[in-house]
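Same chain, two partners: chain A is paired with chain B first, then with chain C.
And now, the complex of A and B:
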């Protein structure tokens, strides 16, 4: 695209993004807000494509629109179950207390001021070449051809290592919300998929393709857009689909195998980092071995990211959540 | 002609404002999480676009890597937030914080604490 057509497309996309965001915030119905939020995520992924940030676009589409969408829809249906008995009187009215219009206007002015200030700052930002050239100059030493993967796993390996630990910390925090008597159960979000229904059919049809796509994204990430996060997210989605279709039960949070899968990536990463420390620099990858090392770390990270993300979406183990208050924790029908 | 980066950077700034407004005005906790995510992706867009203004090549790979990290961390934080909202709703049966009701002249419904106690006692695994 060039010239006027490109600008027109960008303008329309901006309008769609802002419209979807406004709808996600202001629409009355909570479920509608979540749907608009998912649509918003897809539009933002398109914006990343227009900025030629394909790695970010993949991540945004898979995580921002996909997994966050599943998480939010699951949250809406669970909230309905948890609060339905109290909200009878409220059913007709708005779910949340109304804000006074004076407070609304004050907030609007404040938010517009912050947004406007940021916009002004953005426009007056002095031109800068950024770190693009520095990355391009050192790309040959990184072992991979995709500059984003080179930054994630080699130049700024610290960030990625700590991020994988942040993911684990979030999962531990989430699990710690479980009450004592629920501990060791399977996490929620189980569905009753009708045999032969859409969910059950797609649950059998999509996983092979999704699995292939996920592994391909990791493998190709060394040279082209893709990588452990994008591939891991696709694999997490595949696992969630299999669990939601009732083909396989969610693992118990006390399962040792599960815990190994969760820490495999960070452990491998730390191991490689320590080996680097012995050779000179922590997390330093010697150019000759950089590519196999990066692929090894990515393989471990993909497994851990997929497992952690899927479990984050499933939520804390909670009794009486997926199966109704009186049913014990039993295997779903196969 | 306006460059894509300029447009999407401004769009990001607008999203941050919009998200902040939603975060303050909406009392429903899940809607606050949605607003929080909109603020987040607005920040990413603003950040990514300022790394893409240089017309030489695509968006700065360092910015891209940081944004990918940010998106993953945002999902982790959102998942924890959803967990907190669900745990809160399970105990109180409410989807907004009690101080919101007080501040907006709507008393908490009578009898609520009893119900939450019942839920805990009734629990099968207990």
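And now, the complex of A and C:
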């Protein structure tokens, strides 16, 4: 792109990001707000592309816009069913509750204050104080050619290890919200795909391609943009598609095999770290073995991330329509 | 150092195993307690004699990599956390232990990994020197803590958990934004390297105060204050801590706010001491004083034991923020260096032990009575003498009577207040002590009043031992204050002795 065209495109992108963000806040209808949130995520991913941060763009598109959007749509549709059952009328779908004008003004003043402060701080920042140079200097010793992967899996592997455990903690937290009598069941709603319908057909056609794409993203991550989180998200989508098409039921939360899949990545990562500790350096990856070790860790992480993300979308184990017994006010038995 | 590795990884590995292995969570937790205690008993004497020990993860030095450091501050809190976790995990066996013959239930599966993940996150938060790594630790801590609030599945505890989540996430985001600004301005997230840049000092590398640094410090302080439940950000604390089952309440009240407070201490005393102003120090101290009074008054007005204990936490956290004005005055005028700093750490440790003991006592009484209403407590003193003594002894530490750890704390803080000529904070300390005696009097008086008709469900003795041991530990912290005192001085930041300005 020539200079002028690039500037014009960037300005337009900034306007679109701000517009989508404003729309997501201003729209009263919750479903509409979620749609604008997803649109916002896609624009932000584009902005990362323009900043040549392709790894971040991939992650934003897959997790920020994609997976988070799916989770929010799930939450809205669940709210919709709950409100329509409680009120016996299904007029306009769930709306965000009205806020008092004092709360609105306070929020606006607070946001404007933080925004103004950030702008003020941003002006005083030095041109560049990042660690790009230090990363480039040590890249050869990291075992991989993609600097982002080098940071995530080697230089700051400890952060990534803890992050993968945060993801697991989120799933444990979600499952712990199940009702006592539903424990041990399959997570989420039962899917009713018509045999021979569009969903069932796609469920048979798409998975092989999706699987290939997911594995490729992980494999290529060592040299080019990609990696366990992006690949894992694609694989999670594949698994969800298979379950939604009715080809395979979701596993029970009590399944031992499923639980091993959830912890495989973090456990493998800690195991490599502890082996290093015994040899002298916790989480140390000797340059000669760094690449195979990183690929092994990423394979484990991909399995766990894919399983965890898909199960987060499915929700806690539940029976029936997932809305509980007929009387919504009944406390679960202790 | 293998002991540091064990400290941060053992609870996490145990949590992963507790996810997989059915109905064995309690035993896995017990093994990790033993492992962590061994690691601490190796590390503590070593650090006390030879000084702080570093663990450079992956062999990558900061700024590229992440360093964990076992200094006195980190080990004192990790030690307190290990004592509390040991007592809590043993006590939780009656609620969440599984019998091998019956099918696994939701609570029996979920409690153990959540408690162990929370413990692992705490240890990382106490030891890590990297601002982003600390953010990840806080995230793990928050997710596990929120889930523990909701674990009983009752309507009110779900609402409390959701409110807690909203507050905690806002705090996380503010902290992360601040950390990003510091990285953009200085190219490092390491606390030691940031300290070396003398941020805010006219003679330092960055010259004068930069707007981005002030913004970063403000955002991080606000975020950490929300997570520590400093007044006026305390609204989430009481319903969350009182709504959780007793063992979880003990962890939430005794340990979780301490993690963000330790990070706050490191931020101001180690990373950014040059950025403080007298107005800022007075504001933080003023909010702490407001918390002391507001929390105490609310504790006086509750009619449920767990709510009294929970609002007492709001008040006790207030004292911790007095460190900012007390260390900010003419600290060199103190009879010994770093009196305010050491006193506040004693206060945090003593509160942790005493508060965990009190919540575990509440758990015992909920089993005996069926609820935690004050009116139902009549006659409990003669029915459960061991638990009654535990509650009374923990109360001694909370009110800061000698010879408890709370007394050592208040003594150090009072001396610092008088020596630096800031009598106003001494008034807060003394009035706060009186108020805590007042709100603890009501449950004590109720339990000691005679009621010959009262019948209580029997409580296993093993459940009553744990709170008693914790309460005694809070007293021992004062009686044998020499060893913890010298440990806390190990690796103490210079600003703790020279004072903030």
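By definition in this document, the second predicted complex is superposed on the first by the 303 of 334 C-alpha atoms of A that agree within 3 Å, B and C clash if a C-alpha of one lies under 4 Å from a C-alpha of the other, contacts with A are read in each partner's own complex, and residues count from 1 in each chain.
Convention: contacts are C-beta pairs under 8 Å (C-beta built on N, C-alpha and C of every residue); 3 or more make two chains touch, one makes a residue touch a chain.
Just so you know, these numbers come straight off a predicted model, no measurement behind them.
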Would you check which partner chain A:273 touches, where first means chain B only, second means chain C only, and both and neither mean what they say? second
Between chain B (first) and chain C (second), which does A:8 come into contact with in this model arrangement: first, second, both, or neither? neither
Go through the superposed model and pick first if A:40 touches only chain B, second if only chain C, both, or neither. first
Partner chain(s) touched by A:263 [first = chain B, second = chain C, both, neither]: second
In the overlaid three-chain picture, which partner chain does A:208 touch, first (chain B) or second (chain C), both, or neither? neither
Applying the touch criterion given at the start, work out whether A:309 contacts chain B, chain C, both or neither, answering first, second, both or neither. first
Looking at the overlay, what does A:124 touch: chain B (first), chain C (second), both, or neither? second
Give one of first, second, both or neither to describe whether A:78 is in contact with chain B, with chain C, with both, or with none. first
A:197 in the overlay: touching chain B, chain C, both, or neither? Say first, second, both or neither. neither
In the superposed arrangement, does chain B or chain C reach more residues of chain A? B
In the superposed view, which residues of chain A touch chain B and also chain C? 114, 118, 122-123, 125, 129-131, 135, 155-156, 159, 163, 166, 170, 173, 177
Residues of chain A touching chain B in the complex: 3-4, 6-7, 10-11, 14, 17-18, 21-22, 24-26, 30, 33-34, 37, 40-41, 44, 47-48, 50-56, 59-60, 63-64, 67-68, 71-72, 74-76, 78-79, 82-83, 85-86, 95-100, 103-104, 107-108, 110-112, 114-116, 118-119, 122-123, 125, 127-132, 135-136, 147-148, 150-152, 155-156, 159-160, 163, 166-167, 170-171, 173-174, 177, 181-182, 185, 227, 229, 305, 309, 312-313, 315-316, 318-321, 325-329
Going by the contact rule at the top, pick out the chain B residues touching chain A in the complex. 1-2, 4-22, 24-28, 30-31, 33-35, 37-38, 41, 44-46, 48-54, 56-69, 71-80, 82-87, 89-90, 93-96, 100-101, 104, 106, 109, 112, 115, 122-126
Touching chain A in the complex, chain C uses residues 2, 5, 9, 12-13, 15-16, 19-20, 22, 55-60, 63-66, 103-107, 109-110, 113-114, 117, 120, 124, 132-133, 136-137, 139-140, 143-144, 146-147, 150-155, 158, 177, 181, 183-188, 210-216, 218-219
Taking the touch rule as given, give the residues of chain A at its contact with chain C in the complex, in rising order. 114, 117-118, 120-126, 129-131, 134-135, 138, 154-159, 162-163, 165-166, 168-170, 172-173, 175-180, 183-184, 254, 256, 259-260, 262-263, 266-267, 270, 273-274, 276-278, 281-285, 331-332, 334
